[in-house]
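Only one structure is covered here, and it is reproduced in the block below.
By letter and in written order, the chains are A, B, C and D; residue numbering begins at 1 in each of them.
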Amino acid sequence: MIEPGDRILLVGEGREFFVKAGQNTLSTDKGQLDLASLVGAAAGDILTTHNGSKFTIRVPRPTDFFTYGKRSGAPMLPKDIGLVIAYTGMNHNDHVLDAGTGSGIAAIYFGGVAKSVRTYEVRPEFSALAQKNIAEAKLKNVEAVAADFLAADGLFDVVHLDMQIQQEHVDHAFNHLKSGGYLACYTPFLEQMAIVVDASYGQFSEVHTHELIEREMTRSKRGTRPSTSICHSGYITIARK
Amino acid sequence: MIEPGDRILLVGEGREFFVKAGQNTLSTDKGQLDLASLVGAAAGDILTTHNGSKFTIRVPRPTDFFTYGKRSGAPMLPKDIGLVIAYTGMNHNDHVLDAGTGSGIAAIYFGGVAKSVRTYEVRPEFSALAQKNIAEAKLKNVEAVAADFLAADGLFDVVHLDMQIQQEHVDHAFNHLKSGGYLACYTPFLEQMAIVVDASYGQFSEVHTHELIEREMTRSKRGTRPSTSICHSGYITIARK
Amino acid sequence: MIEPGDRILLVGEGREFFVKAGQNTLSTDKGQLDLASLVGAAAGDILTTHNGSKFTIRVPRPTDFFTYGKRSGAPMLPKDIGLVIAYTGMNHNDHVLDAGTGSGIAAIYFGGVAKSVRTYEVRPEFSALAQKNIAEAKLKNVEAVAADFLAADGLFDVVHLDMQIQQEHVDHAFNHLKSGGYLACYTPFLEQMAIVVDASYGQFSEVHTHELIEREMTRSKRGTRPSTSICHSGYITIARK
Amino acid sequence: MIEPGDRILLVGEGREFFVKAGQNTLSTDKGQLDLASLVGAAAGDILTTHNGSKFTIRVPRPTDFFTYGKRSGAPMLPKDIGLVIAYTGMNHNDHVLDAGTGSGIAAIYFGGVAKSVRTYEVRPEFSALAQKNIAEAKLKNVEAVAADFLAADGLFDVVHLDMQIQQEHVDHAFNHLKSGGYLACYTPFLEQMAIVVDASYGQFSEVHTHELIEREMTRSKRGTRPSTSICHSGYITIARK
């Protein structure tokens, strides 16, 4: 049941609108959408504009927050978030420590998987924006902290870092990981990757750096081929305590 | 607290042993491990052999079941499982329908993420082996069914197929997906990918086929370079209802 | 010694001009270039504009014809042309048959390597444009023929096809190749690649299809990383008679 | 016409033999091959063993010297040699300076393309072996010098380095390149690539580092797919004077 203030995606007529269920009205080129009538509706219901255009009600998923969440910078790509989840085996038993919250997109994905997520971001305005995105994703198990990662304490199953990483951050992660837990570090540049790998060797075991090159296959009447542009984003180093 | 029959990973002395906590003893080249003493122990505790070798007790994570679970064939690679989780936004609210259980490795990963997983496998002996792996992973929310995917009913947030896929399977998935839910199809060959894409167009929206080329970066005294071999596995088509 | 009508590249002041040595003058935002004074000059000499800007005289290489040659469509990329040269072992003893001349860029590269090149193009206006590019590259050993590939006769060391390829074209190539010679087929789409491979099996030996994914490494003060976009172009099938 | 001492490839019965035309006899599991009878024969002729097995006479191409030439280490891969040829626009007008001869494979490819090649190798035993390979490839325009690259003088259109490269080597290349000529440096490791790029900036223009990821497409009754292993070799930096 959709409640007042809930984020809703309205899809139809070749358009998508990311709205809040509430009292107001949204004017579009396809007619007026009565957002008050969303309250009490359910996913899959149809909302009809005053002039007969039909929109399907969609309750947003993490993929929608990646597309429509407010951004403070370039968030990690889903392919890389998926790699972190898979290579750490992140699951519903896990307490996850995250740093470099950014817009909170990775934290939203992780919050849908883990028992709890604590995410650190040193820039208060980024942390505040992330908190807003997290609240809209209705994740009660994700806590955004506006502080330096080195201030984090507690014991975690997975630590994920997407920030400028130095030896002290890798050491801090090690100290706050349970035995058998994983550190995952995202680094766009090779020099940063080298810092992470060098800092991990010795204390961590199973240190591996992965690169994911993703491309889309296109299929048209002319035939099937890979998209001519392919996506690289960064390096992900996984290390186990 | 480790209970009798629990799967445990013992790590130390350059060795790993995937054992069951219980009454017996494991003889190794590093000495005898008393498996009875695992009961009541906790992750991170140390088990010492009769001759003083030390092993750390690890409670297995999904990554360990990928490595040590019994196999009936080549399971999906973690990179591809991660892509499915990320591109469907799979999370703790989701009911997931899976088919082509195989050894159950994907179902184990999904079971750690979703509220429930139902997984279909037409070969009874494969389904039985998967059930064993799932039980060892202590996932009460994953149900393995030894039946054809077309026999599945109910309504799901995500449908994942890793099997020989025809038009009727894509149609069946569409009929059992909630509005806004995702179909994810893994296909090793291009011809199969084409069948999935052609069957999805029209009924599904947002049909995209992804290919992940993964490689590992190696770092030694000689320098940093990509591993000379790189891994391709298959194509993953994601489609949204 | 530069002769009247020769194509010349003038490089300087952050500009490049692809001009013809001759009687006229080129007006640029860096001043007037006296093209008559190019005649008799040599590569590396400096041409000074009336207001003192300096341009270095460059005698164009095949790479410059790729950049500045007139185009009738998208030419093959140098990485793919290089692959054809390397995988056929093209060299100064070879007679090369080329079809799908297009703008003649591949023929220009091949003409700089082989003893002779005959290139077929069924669209006369494309062949005429290619002939112009070839003449400007001063390649006397390259003959552009405005005719269908199936009209080609003679015996060649290498046959290269960049066109819509059917079984009959592969058969025709086989019939006009010397023993030990190579066929190289460029196909952007997978369906076309399959036609080539299926047509080659049986008559040719050593049939291999290659895909080159090229990316550029970028290096700035922020660090070293692959360019975020990567280039795929097509599939190249090499088969040996 | 095949002369005494010429390298010949005999292909047939699922076998390949890389032999020298001459007086002796080669005993194989398919019968005895009379190598004397090769003298005066031509490519494509058939040589029949005493017991009726038939072998086709092939005059080796650069691709065959890559496969059968004697090796002192891992030679550059054809894909990378092709990239150097294409990105420098190497052609029959060019004088090429090469260093890090190794087994001479790259020099053999270049010798089939350029007017002349001079190749430096500091280890005399490697240079001697390369000289043998070059002689067998019947390339009179390739000179192998057993000396340090810094001893090279003259003026060249293309300089190619496949060796441990320092700033002084890049400077030396610059000093011996004609205006408009290209330097091409092959480096397996990222740290070496960085040295080359940093040394090139400033003096050279158009500095670009390329990486070629090659994979083979496989096609069987089960379907079409990329080979599961993909090949990376190194980075190639191209810079223009």
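Operating definition for what follows: a residue touches a chain if its C-beta (ideal position, glycine included) is under 8 Å from a C-beta of that chain, and two chains touch if they have at least 3 such contacts.
Note that this is a predicted model, so its numbers are computed, not measured.
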Separation of chain B from chain C in touching-chain steps, minimised, is 2
CA centre of chain A versus CA centre of chain D: separation in Å?
49
How many angstrom between the C-alpha centroids of chain B and chain A?
21
Return the distance between the CA-based centres of chain B and chain D, expressed in whole Å.
46
Touching at least two other chains at once: which residues of chain D meet that condition?
190, 213, 215, 224, 226
Name the touching chain pairs, please: which are they?
A-B, A-C, B-D, C-D
Touching chain C in the complex, chain A uses residues 188-192, 213, 215, 222-234
Residue positions on chain A within touch of chain B in the complex are 9, 11, 43-44, 56-59, 61-64, 66, 78-79, 81-93, 109, 112-113, 178-180, 182, 190, 193-194, 197-198, 208-217, 219, 224, 226, 235
